[in-house]
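As structure tokens, here come the structures.
Heads up, the next two complexes both have chain A, just with different partners, chain B and then chain C.
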Partner chain A sequence: MSAVAAKPAAGGAINWTAMAVGVVMFLILMGICYYFYPTGLMPLLLIVVGGVMIGFGVHFVPVGGAPAAMGQAPGIATGVAMLAAGGGLAGLFGGAWAAAAGQDALVVVITGGIGGGLMMAITCMMVNFVYVFGMGIPAASGKVANDPITGDSQAEFKSQGTEGHGLPFVSFVGGVIGGLFAGAGGTLIYLELLEVYKAALPGVMQITAAQVLPIAISAAGMFAVGMFLVNAVLTAYNITGTIEGPHDPKFKRWPRSVVASAVASALCGLVAILIVAL
Partner chain B sequence: MEHIVFGIGITALTGALATVAGAAEDTESNIGSQGDPNSQVQLAPQMGFLHRIFNKAVAGEPPAYGLWCCLGAGFAWAFMAMQFNAVLAIVLGSVLAVFVQGVYATTAYVGRTASLSKFGQPVYVDILKSMTTVTMAHAFIAIFATVTICYLINTALGHPFPLPLLGLIWGIALGAAGSATGNPYYGKERQYQNQKFGAGVPISASGNIVRYAEAGERNSLDNGWFTAKIGGSASGICFGLIVFLELWRTILFEQIAAGWGAIVVGVLIILVFTVIDRYIEVWARKNYGPYTEAKEASS
Partner chain C sequence: MTVKVEVIEGGIPHNKIMIAGIVSTLVCLYLTYLNVLTSTEMFSFFGGLAVIAALIWGSHTIKVLCSYGIGTGVPSAGMIAFGSGVIAMLLATKFGFYAPIVAAVLAAVIGFILGYVSNNILNMKIPAMVQSLTEMAVVGALTLMGFAALITGGFTFAGLTTGHVTVMGMTLLTHEQSFLGGCLIAVAFLLGAIAIQHPFNACLGPGWQQDRMLMLTAECGFLSMIAAAIMSFALISTGSAIISLLIAIIGWVYTYKEYMVLSKRDAAAWLDAKPIPEVEGH
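Moving on, here comes the complex of A and B:
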């Protein structure tokens, strides 16, 4: 057993009963959707996929919280949910724009992902810029002896009395991957809700498709932002505080978050769909 | 062609506005101690270090700026619907949002500081009077610039989202970029100016923030002056780059190959920043060197 695995794992243990309950709740919610609004089942499934992508992607984002602001721990000095929301919503912005330009759904989702990845790449680069040129502190991980990507040794670059600081290269890459997942997931949710609203609202409100478009875009955008925050905050609870990125032992907790995100997204998505179906 | 040139002009303008917004946001949050370094401002009296630092954190910067920019954009949108001139509407919307920020800052400072009364930390009325207005002024610049960006994106560039939703999205992104870039500089470099330069703050030093200035006790205006030089400008560059490059790649390359052009350019930009980041990391390792010999390093 490695030193990492020997640590108390209460926070990271997977409760299989709870996971099974989560899966059953997910199936019940899908069943409710099928019963009340069968055509909404496929969009709801894709909304859940989008939510799961957000939940999974947030685990990649290196978040150091308050200790990172004092150079006491590696990562970006802000909250998990907030940073992911910043990156993911920048992606949603780009994806929604591409959707309005009439691009293919795949292009729209990838555009959203790239928007999130771009925001995270710039932010992560500027974090290292401030650490190195503003504070004279090199990047060092506290969780691994060598950077898994570059192989750089880390321990001797940690200053005394800290757990590391800055963003080692693996954390930078994790941040970009997290932004890609979060941006793509948020855009997928938006796109599916937009399709549902565009199809259902003209009949519900007795107006033309052209008149309904601004309402559909606004409603889908608001629900996408809301569901984004739901999934990001859920994942923040799973991470409990800080995470360095994909090399952090806490990353292994992602299965719990995926199930939780699926249930939460199914419930939120069901509400978002049923407001036009009932 | 004319449409693209117009788009590039608007993109450049939004990039410049975003740079101003990022710098003002970080300076505002540092004067108010709103970011993660706030943990030390809150902790210091509990460790016996009473201080005169403003302390208005209740929410993190991203949700706070999401609220204020959404409010500013929402009010501006309502004024424009009442046939107000766009510039006047944005100014009035931002002013109203800043009043909300002022109420928030006042109640947060009084509430958070009062919770420290058992440790002997006083609520300084002069600090409340002098700091709140300064944070409001900086917040106005950040909110006004962000709402203007949203208005330009919506009206001139034709983004489908309504103004308040754009305000929420870019307000959260502004807070995320500003707190990520600016917080370490305020937290480590200013609050712990008594610690060694070029090293993180030892965990054992937590709470022992610098409380005295060149003359008298340090207050948050001193912190805003100090962090505006690097933390504020770096935050401005960060948010400016995000807004500019996101719009630039869309305006110029969205129509190429049915949207794939913007995707390819986005990937290339990400790769460029990856190379820059790696260069900075290696530069620091070579020029600053390790703190200890590699074989002696442990845990």
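Moving on, here comes the complex of A and C:
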């Protein structure tokens, strides 16, 4: 087979053996955490929830990549990792700001979600501005005949030889939902790590709680960013390239991503928690 | 079914670069330990050299991985390298003298599991995936450790979390003015992540040449080292920081000139370029 005709290896199929191995690995990692640092088990579980929210949420985001930049595919014209980092880190900043103001955990997580959703909403709107007024192309989906939300017909607006272009309404909504999930997930990871470090680092380093605060915030923030990027890139590997939003057939691949994110978050979260346990 | 878009033709084989990379990175990291032995901070610049050695290895690993059409863009590889590397690196700093070796081993374990996850659970089925992600995590961890050594003069957890501030002639212990407490690690993170993904992203294509890409990596590495050396003025003595800065500037000027020579060499040549293969999933 020639290189031109070949398509990427990752298909929609689910490898059940590997999924089972993933679940076992997840349980082993949780067990290690319980053995070394029992009080870290609940935070680790919530970190995994946050990681899974990132992995699941990124599937909603309309990622166009290079074809979108040329107006040949719908979506925002950059890669999954960049978009997820943009939306998620904006949410993380929002959530961290709420946490510094001493808010309730639920308020903090929701603030993070709103930060991420807002970021994606602004991005989607400006992308459509550029598409419509800058490049002169209408928004049309190539994957569905009618927009699942508004019911608008798409085919008349789609140029020949393209897979659609611009950012249809359903992709816009998907982007905002994805931002909400990713921002809330990233904030949850940050919040849980911050609680662990604030509680345990003073004893480990033999300093007061006030002195440990900058270190705890910085370390928790850095780990949250690191885990965020790991989850976002793994999801990017799951999607392989572009996705239009929740109506895209590739969206059905999310179960793989949930297991992968759970394993990756449990692994990274365990290492992050072991800093105060060892 | 996987397809390899580009093949490595000629040049140094990857395994050789990998072994040279890990050995020289670890040696340079341990040379910063001379700071402790001689009670100075003069040898911090070896941390910057460790960064460059690790980056050269890492950018070639990115080339090996991204030669397969992974469909997510080259920058994502740099991001996962540092995302997994920073976690391993911070835990490893707890092990004092053994920190660089622990960082390499721990990052390799994390990278291996992430490689398994993406290759089998996410069904990527790319032959180089597991090995590449393992290497990338090690590169990320060692690069960050190199930056830490360059900026603070050491790589222990205590050294990264404590600094000194002079108030009216009195030297006080502080945790805010430190590599971790001041969140300089976030800047180091992105300095490294951009330097590792840029070279292959800039040089890929039918006219790819190994020596040109690796020279660009060294150039990016020295450019990052300049920024990190300027940051090190805050945490180590001025004389030591000036040594790091001078070495970074000299290295950058040299590699930049060499890169320009190589670019002109390749630009003047006519290459029988094949049509761009369509490998992105869309």
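Note that the second predicted complex is superposed on the first by the 268 of 278 C-alpha atoms of A that agree within 3 Å, B and C clash if a C-alpha of one lies under 4 Å from a C-alpha of the other, contacts with A are read in each partner's own complex, and residues count from 1 in each chain.
Methods note: a residue touches a chain if its C-beta (ideal position, glycine included) is under 8 Å from a C-beta of that chain, and two chains touch if they have at least 3 such contacts.
Bear in mind that the values here come from a model prediction, so they are computed numbers and not experimental data.
A.B. asks: Chain A superposed: clash or fit between chain B and chain C?
C.D. replies: clash
A.B. asks: With both complexes overlaid on chain A, does A:V225 touch chain B (first), chain C (second), both or neither?
C.D. replies: both
A.B. asks: Give one of first, second, both or neither to describe whether A:F172 is in contact with chain B, with chain C, with both, or with none.
C.D. replies: Only chain B is touched by A:F172; chain C is not.
A.B. asks: Examine A:A200 and indicate which partner it touches, taking first as chain B and second as chain C; both and neither are also allowed.
C.D. replies: In the superposition, A:A200 touches no partner, neither chain B nor chain C.
A.B. asks: By the touch definition at the top of the document, which applies to A:Q160: first (chain B), second (chain C), both, or neither?
C.D. replies: Touch partner of A:Q160: chain B, not chain C.
A.B. asks: Per the contact definition in the header, classify A:A85: touching chain B only (first), chain C only (second), both, or neither.
C.D. replies: Touch partners of A:A85: chain B and chain C.
A.B. asks: Based on the superposed arrangement, let me know which partner A:T111 touches: chain B (first), chain C (second), both, or neither?
C.D. replies: first
A.B. asks: Should A:P214 be classified as contacting the first partner (chain B), the second (chain C), both, or neither?
C.D. replies: After superposing on A, A:P214 lies in contact with both chain B and chain C.
A.B. asks: Can A:A66 be said to touch chain B (first), chain C (second), both, or neither?
C.D. replies: both
A.B. asks: Looking at the overlay, which bit of chain B runs into chain C, 112-120, 130-138 or 256-264?
C.D. replies: For chain B, the clashing option is 112-120.
A.B. asks: Which positions of chain A sit in both the chain B and the chain C interface?
C.D. replies: 65-67, 78-79, 82, 85, 163, 214, 218, 221-222, 225
A.B. asks: Can you check the complex and tell me which residues of chain C touch chain A?
C.D. replies: 1-5, 68-73, 75-77, 79-80, 82-88, 90-91, 94, 106, 110, 113-114, 116-118, 120-126, 161, 175-176, 178, 180-183, 185-186, 189, 275, 277-282
A.B. asks: Which chain A residues qualify as touching chain C in the complex?
C.D. replies: 1, 3-4, 6-11, 13-15, 17-19, 21-22, 25, 65-67, 73, 78-82, 85, 163, 205, 207, 211-212, 214-215, 218-219, 221-223, 225-230, 232-234, 236-242, 256-257, 259-260, 263-264, 267-268, 271-272, 274-275, 278
A.B. asks: Where on chain B is chain A touching in the complex?
C.D. replies: So the residues of chain B in touch with chain A come to 35-40, 60-63, 158-162, 165-166, 168-170, 172-173, 175-177, 179-189, 191-192, 197-206, 230-231, 234-235, 237-238, 241-242, 245-246, 249-250, 254-255, 258-260, 262-263, 266-267, 269-270, 273-274, 276-278, 280-281, 283-285, 288, 290-294, 296-299.
A.B. asks: Which of the residues in chain A come into contact with chain B in the complex?
C.D. replies: 65-72, 76-79, 82-83, 85-87, 89-90, 92-94, 96-101, 103-104, 107-108, 110-111, 114-115, 117-119, 121-139, 150, 152-153, 155-169, 172-173, 176, 214, 217-218, 221-222, 225
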